[in-house]
Amino acid sequence: MEFLSEFLTLFIGKLQSPTLGFLIGGMVVAAVNSRLQIPDAIYKFIVFMLLIKVGLSGGMAIREANLADMLLPAAFAALIGIMTVFVGRYTLAKLPKVKVVDAIATAGLFGAVSGSTLAAALTLLESESITYEPWAAALYPFMDIPALVTAIVVASIYVTKQRQRAEEYSKQEALSTEGYYASQGGGAATAVGRRAETRSGGSAPKKVEIWPIVKESLQGSALSALLLGLALGLFTDPTTVYDTFFSPMFRGLLSILMLVMGMEATARIGELRKVGQWYAIYAFAAPLIHGFLAFGFGLIAHYTTGFSLGGVVILATIAASSSDISGPPTLRAGIPSANPSAYIGSSTAVGTPVALALCIPLFISVAQELANHGG
Amino acid sequence: MEFLSEFLTLFIGKLQSPTLGFLIGGMVVAAVNSRLQIPDAIYKFIVFMLLIKVGLSGGMAIREANLADMLLPAAFAALIGIMTVFVGRYTLAKLPKVKVVDAIATAGLFGAVSGSTLAAALTLLESESITYEPWAAALYPFMDIPALVTAIVVASIYVTKQRQRAEEYSKQEALSTEGYYASQGGGAATAVGRRAETRSGGSAPKKVEIWPIVKESLQGSALSALLLGLALGLFTDPTTVYDTFFSPMFRGLLSILMLVMGMEATARIGELRKVGQWYAIYAFAAPLIHGFLAFGFGLIAHYTTGFSLGGVVILATIAASSSDISGPPTLRAGIPSANPSAYIGSSTAVGTPVALALCIPLFISVAQELANHGG
Amino acid sequence: MEFLSEFLTLFIGKLQSPTLGFLIGGMVVAAVNSRLQIPDAIYKFIVFMLLIKVGLSGGMAIREANLADMLLPAAFAALIGIMTVFVGRYTLAKLPKVKVVDAIATAGLFGAVSGSTLAAALTLLESESITYEPWAAALYPFMDIPALVTAIVVASIYVTKQRQRAEEYSKQEALSTEGYYASQGGGAATAVGRRAETRSGGSAPKKVEIWPIVKESLQGSALSALLLGLALGLFTDPTTVYDTFFSPMFRGLLSILMLVMGMEATARIGELRKVGQWYAIYAFAAPLIHGFLAFGFGLIAHYTTGFSLGGVVILATIAASSSDISGPPTLRAGIPSANPSAYIGSSTAVGTPVALALCIPLFISVAQELANHGG
Amino acid sequence: MTQQASKLVIVTEKLLLKKIAKIIDEAGAPGYTVVDAGGKGSRNVRSTGNPTVSDTYSNIKFEVLTPNREMAVKISDEVATQFFEDYSGISYLCDVMEVLHAHNF
Amino acid sequence: MTQQASKLVIVTEKLLLKKIAKIIDEAGAPGYTVVDAGGKGSRNVRSTGNPTVSDTYSNIKFEVLTPNREMAVKISDEVATQFFEDYSGISYLCDVMEVLHAHNF
Amino acid sequence: MTQQASKLVIVTEKLLLKKIAKIIDEAGAPGYTVVDAGGKGSRNVRSTGNPTVSDTYSNIKFEVLTPNREMAVKISDEVATQFFEDYSGISYLCDVMEVLHAHNF
């Protein structure tokens, strides 16, 4: 009882944080059709600034860290990334009116990590003076890449099987493949249809290569900025420029990014609506489920290897977050037959706001309760 | 005598402020055809940063304020906004070679408010340590919206009347309306002319709806940013992010914006030249006249309800300023037959520089004199 | 011996500076095909911020300076700018497979000055607490403009002579000029060729006008920003805005610019490869040669008129640097027949990295050695 | 499966983007493409308050492939009637030899 | 020296920029021009994760002048086969009366 | 009131924007439209110093509707003579079926 009331007080306090205020502000601004815009160049630059700052601070601190401590959390991160995809494959994809490839892609995006959500969590942890391992932000790629790779591999296997079945069927029936494509692709119509035979004829059960997907992820702008920051923090001495520039700008730039995320969320609601309610429900539940799953794994590491409670919150946050920058292009290239409205809509319009506004305050409150009561 | 010399000293000191320096620098840079450019994305972002900062500081301070004090100044702001349009209607519009709709649109733009001019005034007030009510910046929409609405309504009534007269005339004469449109629209030539009948036939004396214009104004990027800042300042606690980011950046960003305004002013001179000298004269005199009119009203509030002298300067400044961001698109949509060269040229090339370089220092000097001599 | 080891220690310390780290980071990022991008608007704005800051600090300090001291270094700067072109004309241009106009243009670009390299040198001088004359950054145009003017004049004279010779030849042979153009222009093929006669017929040995080239240089965005800053520092009092905005942002923005320069360098390597190895060798050697030439001249001024050792480093740096922003468009317009791949590739891919990573640390180390041993 | 079509090109002020897109949609056109453009015509002005020192364009160019000439003319007429009296703009028709591949033709 | 040519126009998702450029190159086309474009077609989506609140376009429009109709059709076929099943896109052919000046025709 | 016209298309380096606009004006053309473009042609370079890592285009594409073929050819000749020896560029002529609505035709 006392726990609950304490928790609620904590939670409500977090809701007044300006970070969240900017997020909601952005939603309202877009909802009332304001012409306010944050130019694309600024948006991209802010993301770069935030992630390179996260990387720099990690890199600078990592030097003294014992990287062996990172092993268990990193393994857990990868595991959670992979599990996320299978959870989606066996829940969302089984629902009526949900296309399997769309569901797999969506699950992949929810398994992947959002740099901005991570940045928001770090800010809140600092405001609350909760300590965490300097390398915790570096768990990002350990979850991001396995999730995307798994999603693309699972989707490829599924598509190949479907195609083979369709071919056998078409051989039996000696029918044009046009009907199949029309029902599968939705938009892929006549003009293209006539070439389908040639194409599917050539697609023998080909293996999915994993390295290109990993490379594609690492080359994404978000991960690149993070890793660049890490490397610079590790190998050069950026203290002055960090203290005079990257660190003081962080909080302010984050608030503007939150505004953009809020505007985005509202703007994408329409896309989500088109693909149906199941996506909305999944997008609402998934961050909480993935997050608490990761929180649980994190606690295991906490009790066995002394992983800090702040680190547990970070692990839970990257699990709860869904990628908004680098994930979509990777998926678009890797699972081209999936409808981007489905996964981008789910992630941006519902997943990210839930992760930011519900999950982070929740995880921090729980961590604080655990700390207070001798976690 | 002493008053005058004191005043001149004060005034000349203000002319050396870097804000003004950047304005004049921008004019020179554009005049010598330099290829120096501030990218559009940066310009838009700076405007956003300035106005959200103004809003945030207002919102944070307003909590303790007694909003009843705002009533009189707000009513005066609206009154001045409306008067401005009628002043233009009965001076500028009556001049030879000035088209009535162009004049009304120009008067509307001069009645509306410039966020950047407001920001410049706030900076100067702070440098001079003159106090003002925290909500004073929130007078912006109370003048901006009435001015734009009045201009659009007055123009619509005028255009409708003209059209009716023309139709009666054309019925009498059974002539094609082409001649009329050619003389009215200037550019609207043959290819379009033949459709004019159909169109004007359908336009029965239709009422101008006011709410869409108000909405359009509120949705503009400048007002949106200001109101967003106000709301965030009011409902969340943005102190940290304000103190570490929005407030320290203010002065610097403003100086860059001044540079852009200066470049703009020079670049627009050509447009102004095309529409004739009367616009230049109006654009020079209007900021001073509107400003001192508002200063007078402000003093009434000062002596009756204790409105601060800093607040009076702000009221005078928003009256003197003419909109540069959100006004033009609203007018373009609301009075489409008006020539944008006329109003944008007048405002940007002459009105804004006069407001920034003459009016603000003038108002502050007068306010200081009044304060020194027991105002 | 001791000198050498001391020097190496100093030099290696400089290699760990974050400035250099960001440069190398950018090279790596581009080399691994990362999708990380710094938007063009941000890049342009950063260049503006850096150069206006350099200008402002110069302008503010110059007031107390004795400008007569500037005479000798400024004359040396101009001399070096001109010499650079002739060095290129009689080395690079004589090499096999190197087209003369391409070589002249490349030499011109290496004679011209890079604002970002200058900014990097100033930062490092400050970190090392080496003092320099406040007006030293203002040596920029004194080298930049003479170098570009000389290159364009030399190229024009060469092209005119070639054309005359070709015409005489073509009169003798009564052959179409097509062959000549095909061999000269490389890309200028048939469709254009037939008009060549008309054109070359009209080109009597026309004089190259110098003032337009000077104007073109001064109007470039980099020089404009520098001069604007100088003027504002001189005529207004920008101390507050300088201390709260331009100065604190300098180091951070510079680091991001270094990242861009690094990415650029890698991206341009391909262009350089196309034009051949001689350009790479020239681009590697030229910054060192020009730099030490200037260092020598600087020392003359040091021993005769007391020009500071910091100033000598600055003179050497602007000599070593090659223009990356304003130079290329001026050359493109002034020597249109030169292949931009040659000069931009040489400068961006090799020249700038060498100037930044080798020359600046080298010059500073030498200056420190000289100071320590009673220079 | 290739087929003939008309291509309607409309260049006008950016301000009208949404309104013209709506007209095209309502006319039943299968799609459209739009690019940012600058330009010069009878009126020298198409400013909508953007800084001229920034190099953004303030015109837009629509290209609409329509299955027949009538639809193109209908769209053009509608756009011209509603806007070309007050706004800058031009519209013209090109021949498209054939649509090779499309999802909606 | 002027000559007839075909103009192939391809509008599709920006994501495919490099891949389509490669196809055009490999088909032996003498060159191409590409512009950023927005648009609407049978599928309402061409988002690749950019914020929609920013006003950047996410389509591209290629224009390729080819010396003959066959090359244009070949490029179009290749592009459609590889991409138009999964991505938005349209391709069509225009007549070019004549190429007046070019370096590579 | 519709009428035939020629459409001249010029793709060249951005650097030449103002100079070509002047030539078009002086030839008496009623207007022009210009868009930012990228592209590839016989020379692989059209850089003017912009960072290549930024994704800005450095070509421009002019489209000029002219009342007759002669004016188009005249503009094209002038542009080619002055610039195409030293700069990248291509120019070609398209048929415009008809100008539907214009202020200046």
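As written, the chains take the letters A, B, C, D, E and F, and residue 1 is the first residue of each chain.
To be clear about the criterion, a contact is a pair of C-beta atoms (placed from the backbone, for glycine too) under 8 Å apart; a residue touches a chain by one contact, two chains touch by 3 or more.
Fair warning: this is a prediction, and the values are worked out from it, not measured in the lab.
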Check: From chain C, what is the lowest number of touch steps before chain D is reached?
Finding: 2
Check: Taking mean CA positions as centres, which chain lies farthest from chain D?
Finding: C
Next item on the list: Let me have the rounded angstrom distance from the C-alpha centre of chain A over to the C-alpha centre of chain D, please.
Entry: 39
Next item on the list: Report the inter-chain centroid distance for chain B and chain D in whole angstrom, where each centroid is the mean of the CA atoms.
Entry: 33
Margin query: How many angstrom lie between the centres of chain D and chain F, each centre taken as the mean Cα position?
Written below: 19
Note to self: What's the distance between the Cα centroids of chain B and chain E, rounded to whole Å?
What the structure shows: 45
Next item on the list: Two or more other chains in contact with one residue: find those residues in chain D.
Entry: 35-36, 42-43, 77, 80, 84, 88, 94-95, 99-105
Next item on the list: Could you tell me which residues belong to chain A and also touch two or more other chains?
Entry: 37-42, 187-189, 191-192, 249, 329
Next item on the list: Spell out the residues on chain A that touch chain E in their complex, using ranges where they run on.
Entry: 30, 37-40, 43, 181, 185-189, 191-192, 195-196, 198-199, 260, 263-264, 267-268, 271, 274, 324-325, 327-329, 332-333, 336-337, 339-341, 344
Notebook entry, point to check: Which part of chain E faces chain A closely enough to touch in the complex?
Noted result: 15, 42-45, 47-56, 77, 80-81, 84-88
Next item on the list: Report the residues of chain B in contact with chain C in the complex, numbered from low to high.
Entry: 16-18, 20-22, 25, 28-29, 32-42, 127, 248-249, 251-253, 255, 259
Item checked: Sites on chain E touched by chain F in the complex -> 5, 7, 21, 25, 30-36, 65, 94-105
Next item on the list: Within their complex, state which residues of chain F touch chain E.
Entry: 6, 8, 11, 35-43, 57, 59, 61, 72-73, 76-77, 79-80, 84, 88-95
